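Two complexes follow with chain A in common, the first pairing it with chain B and the second with chain C.
On to the complex of A and B.
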């Protein structure tokens, strides 16, 4: 039997339409323009010509671009792994029957409410003043200088990024944990699975959907890392912490390489999409196998 | 109902546009690229407006002025009067051919030749015409703690050897010669900008642009001396920020700092009694070669198609009047390009005579292409030094990098 078409309230169209219009105007159009300009030699103003694929080919010869990609991938892999490990541990701990659970949860969630730039500035001060003073007082050589002014500046940024990113990921894991039926645990208990075994064979497999989401979201976010770096090192010292997004901003707007960096941005977009799809495929397959 | 709201909204919007549109006929726009001088500029503009009731000058000083100006250039919407730095933003506007040639005006002769020459140098094809009238200038060199200099019995060095001697004496007395703030990597440029004009061969910037010379061939001495300077910096100078370094310096840490007159305001905020002065960086052993690095901080230009060109010229002439020029530089700790207007503030007394005598050289990085990020290269060079990389190897790769990056920026 054919269902009678229900009349849809016009309001839905108005709301969705208005958003779609705004989104299309300010996001999609700019994105398409960016793709368009990546085939030109536009400086951000003035005249321009088509240059075909020159910008894309030039990327392979540019040391700055190469270094930025290397840094970004390194940063993404380390941070993604750390964030997910720590969030998972935190979530399990916070899901246990402990006292002051909600207060502690609030503490962990706090960094998420602060903007990345503010967090960056706060840690800038901590790294520049507090930690060196502490390091000198304890006589620890490695801590007595500002880490952001050394070769290891990346680790300073990683610490801050992990600290901020854990909040949201922990939340997703907690939600996942709470969705697991208590009966399953009881059954596991009866069968004698506890501790690590229970986590390995019950909790983790059942958390698979949360794990997938977190992996994809964090990897995507860290590939586009920008605000922490601008707040803390502006890509320095030298170019040691210049991520792709920072490079695009610096050279695209400050260095008159608008078109070339548009090409870079398009490439970054393709890479992010590719990695996300790849992750989704692998992780979803894993989810299915577990079931 | 919905339609009514929409109608009302659009009526308000439209009305707003119309309102801002009219009443503008006798308004003249002064576009300023410097946020720091807005108050004093407004004060002078108010005086001018009071004397000229028939017109009204309105200042617009947007954030990220360089980019705003470029977009307005693209729309062919040129402000009547422009107050810009003597850098590539000016070059951009000037080379678009929208500025009035002010060479023949009376007030142009009131300005120091050396600064006019700096403006000519950044004109397209170095045309010897005054499209911009230099107004205020800045100075970069060695800032020193006067009390400590007196305490240690030091005299102002005028040659490189004397400079090294001073550094040695400071270290012998157990003091730190320099406070360097390389966490903010633009500060690494200051030492370079002070040395390069003294030591680089005549006509280097043109030759480099044409590709007939390289940094590697000509800048070894500068790179050497750069390492010498940072070897006398404080521990962890790579991790010290400009703000923290300024505070520490004003409160008695270190004896010298390599920076410019713009830092003095910060010192005074941190410690109002701080006794500081400045001398020209003695990069060469021939003291006649040791220029004060001084650039055009503010210049005035007028759009040639402006309806109010006469008023614009009158305004520039008004600003160049001795009294007004003095008011401006006193407020800004800056120097004046107007002949006979001297900065009497003691904090910059050491370079005053050189500037008045025109013994100045422009910031060399004003002549490098906009995309050439020397600050990052110098930061990398310094980082490698701190990491204990072999000096010769470090220098070689630094200079090679300079050439490579310059070429990339020069083409694109």
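On to the complex of A and C.
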């Protein structure tokens, strides 16, 4: 009797099927081809042979790859912590009873709208000209050279990334803060909790879902860091700021390492998936404990 | 600070307000102010970049306009953004509708749901190399081709957002329309799509930001000058041996301007849309 109701219109099959086919052909096939190439010695053109796991084994000996992973992990950890700390403070401040609230919020969100590349170019100038001039005028040694030309170039990239990324994360934290019931604070006031205590035992636990989202999204995004580096240092000086994505691009297209960098990309994929799952597990567990 | 708030509930918290405004001036307005100053100066007037120009030079904008072939690049970027938006909003919402409504009835749609969902785990840099090979085979290394790819690649995220929204619409609404004799497409277009408006706004904003500001995909796919986007065109200044900063910054501002205009007019929409997109 229910048979007739279960019938699905053909149109749905056609549209979803067609979209799935297109998606398969350009996204999934690309992904699978990448895995396939990683077992060959293809240069992007010409003949190729199977080489088994050679590309993957080579990754452990290759200095460039090791440096890129080291840089990317360092960068991700530092930037994730900084962005979440600053965003949380900013969100709490923006959520206080302040004047011109909406205008101030609008300004703090502005960096999100500007493309990474152009922001990178603007900060290039600041690091190369403005800060050294300032540093010399004040007699501060560290500031008087262009940081992007030194071994500390990573910090230049971190500053720019934090500048752009805080906007988005602050917004999510504000949304989280606004979802907290005012009654909870009033109850806390009666119990004598205020200031840091109130934040530590009431605000932060209730903010846990936003914290989870932000940590996962930021960490995953920073593992892929690419635009800012291409705009600012192109991986230099030397290879000090070459992230994994930059290495894949530079050596994969320009260095004749198409197959080897495909193996690198597959490894990166495995790491991203593993970190995402791991992070979600840990953070979800913590959320439960705090509650 | 907290005590003040308790005693005088109606009063604004001025210390925090002042600190936040100081933060805006130093971290956000200062770099933008510097960019404007550089863009309207002559090369010999660069000793103090923060000072007002001794001699105003608006020709920088004209030169940058010509040098980067601004109209052409603007058209390319606008074409990609607008066409992608139109196709994405209609096709992805319908796909999500079809999947959500039929998941329980047919295994096919259940599989499709998880197929698109799992694709979200694959970052772009992972498929970057093979995608270029694939795109070349199908001659997608141009503005039309990249627009097509944006529609395809946005599918997982947008379907995910739309599926959540469709789930919240009672099925009785569809049934009522069907009883009145509406066909599936009519039901979707006249009944469901209007109800999905908030999600459509979110998807529209995220798609717009993605395509307008994207750098990686154009960089690897669009090698021909006439096909390049605004973001990519700015890269020419970096490639020069000695950068003409005045020209470069005028050019950057020309790229930032459309986004700023959109932001000023749709600020509320944009912030709400971005939050909705992330929280779901």
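We take it that the second predicted complex is superposed on the first by the 267 of 291 C-alpha atoms of A that agree within 3 Å, B and C clash if a C-alpha of one lies under 4 Å from a C-alpha of the other, contacts with A are read in each partner's own complex, and residues count from 1 in each chain.
Assume a residue touches a chain if its C-beta (ideal position, glycine included) is under 8 Å from a C-beta of that chain, and two chains touch if they have at least 3 such contacts.
Computed from a predicted model, the values in this text were never measured in an experiment.
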Check: Which holds for A:236: it touches chain B only (first), chain C only (second), both, or neither?
Finding: first
Check: Is A:129 in contact with chain B, with chain C, with both, or with neither (first, second, both, neither)?
Finding: both
Notebook entry, point to check: Looking at the overlay, does A:13 come into contact with chain B only (first), chain C only (second), both, or neither?
Noted result: second
Check: Per the overlay, which chain contacts more chain A residues, chain B or chain C?
Finding: C
Next item on the list: With the two complexes superposed on chain A, say which partner A:99 touches: chain B (first), chain C (second), both, or neither.
Entry: second
Item checked: First, second, both or neither for A:44, with chain B first and chain C second -> both
Item checked: Touching partner for A:151 - first (chain B), second (chain C), both, neither -> first
Next item on the list: Jot down the residues of chain A that show up as touching in both complexes, chain B in one and chain C in the other.
Entry: 44, 129, 253
Checklist line | Of chain C, residues touching chain A in the complex | finding: 2-3, 5-6, 11-14, 16-17, 19-21, 23-24, 27-29, 31, 34-35, 38, 49-50, 91, 94-95, 98-99, 101-102, 105-106, 108-109, 112, 115-116, 119, 121-135, 138, 149, 152-153, 155, 184-185, 209, 212-213, 215-216, 219-220, 231, 234-235, 237-238, 245, 248-249, 252, 255-256, 259-260, 262-263, 267, 270-271, 274-275, 278-279
Next item on the list: Please name which positions on chain A make contact with chain C in the complex.
Entry: 6, 8-9, 11-13, 15-16, 19-20, 22-23, 25-31, 33-34, 37, 44, 90, 93-94, 96-100, 104-118, 121-123, 125-126, 129-130, 163, 168, 171-172, 175, 189, 194-195, 198, 213, 217, 220, 223-224, 226-227, 230-231, 244-245, 248-249, 252-253, 258, 261-262, 265-266, 268-269, 272-273, 276
Checklist line | Residues of chain B defined as touching chain A within the complex | finding: 67, 70-71, 73-74, 182-183, 185, 235-241, 244, 370-371, 373, 376-377, 379-384, 386-387, 404, 408-409, 412
Check: Hey, which residues of chain A end up touching chain B in the complex?
Finding: 41, 44-46, 62-63, 124, 127-129, 132, 144-151, 234-240, 250-251, 253-257, 260
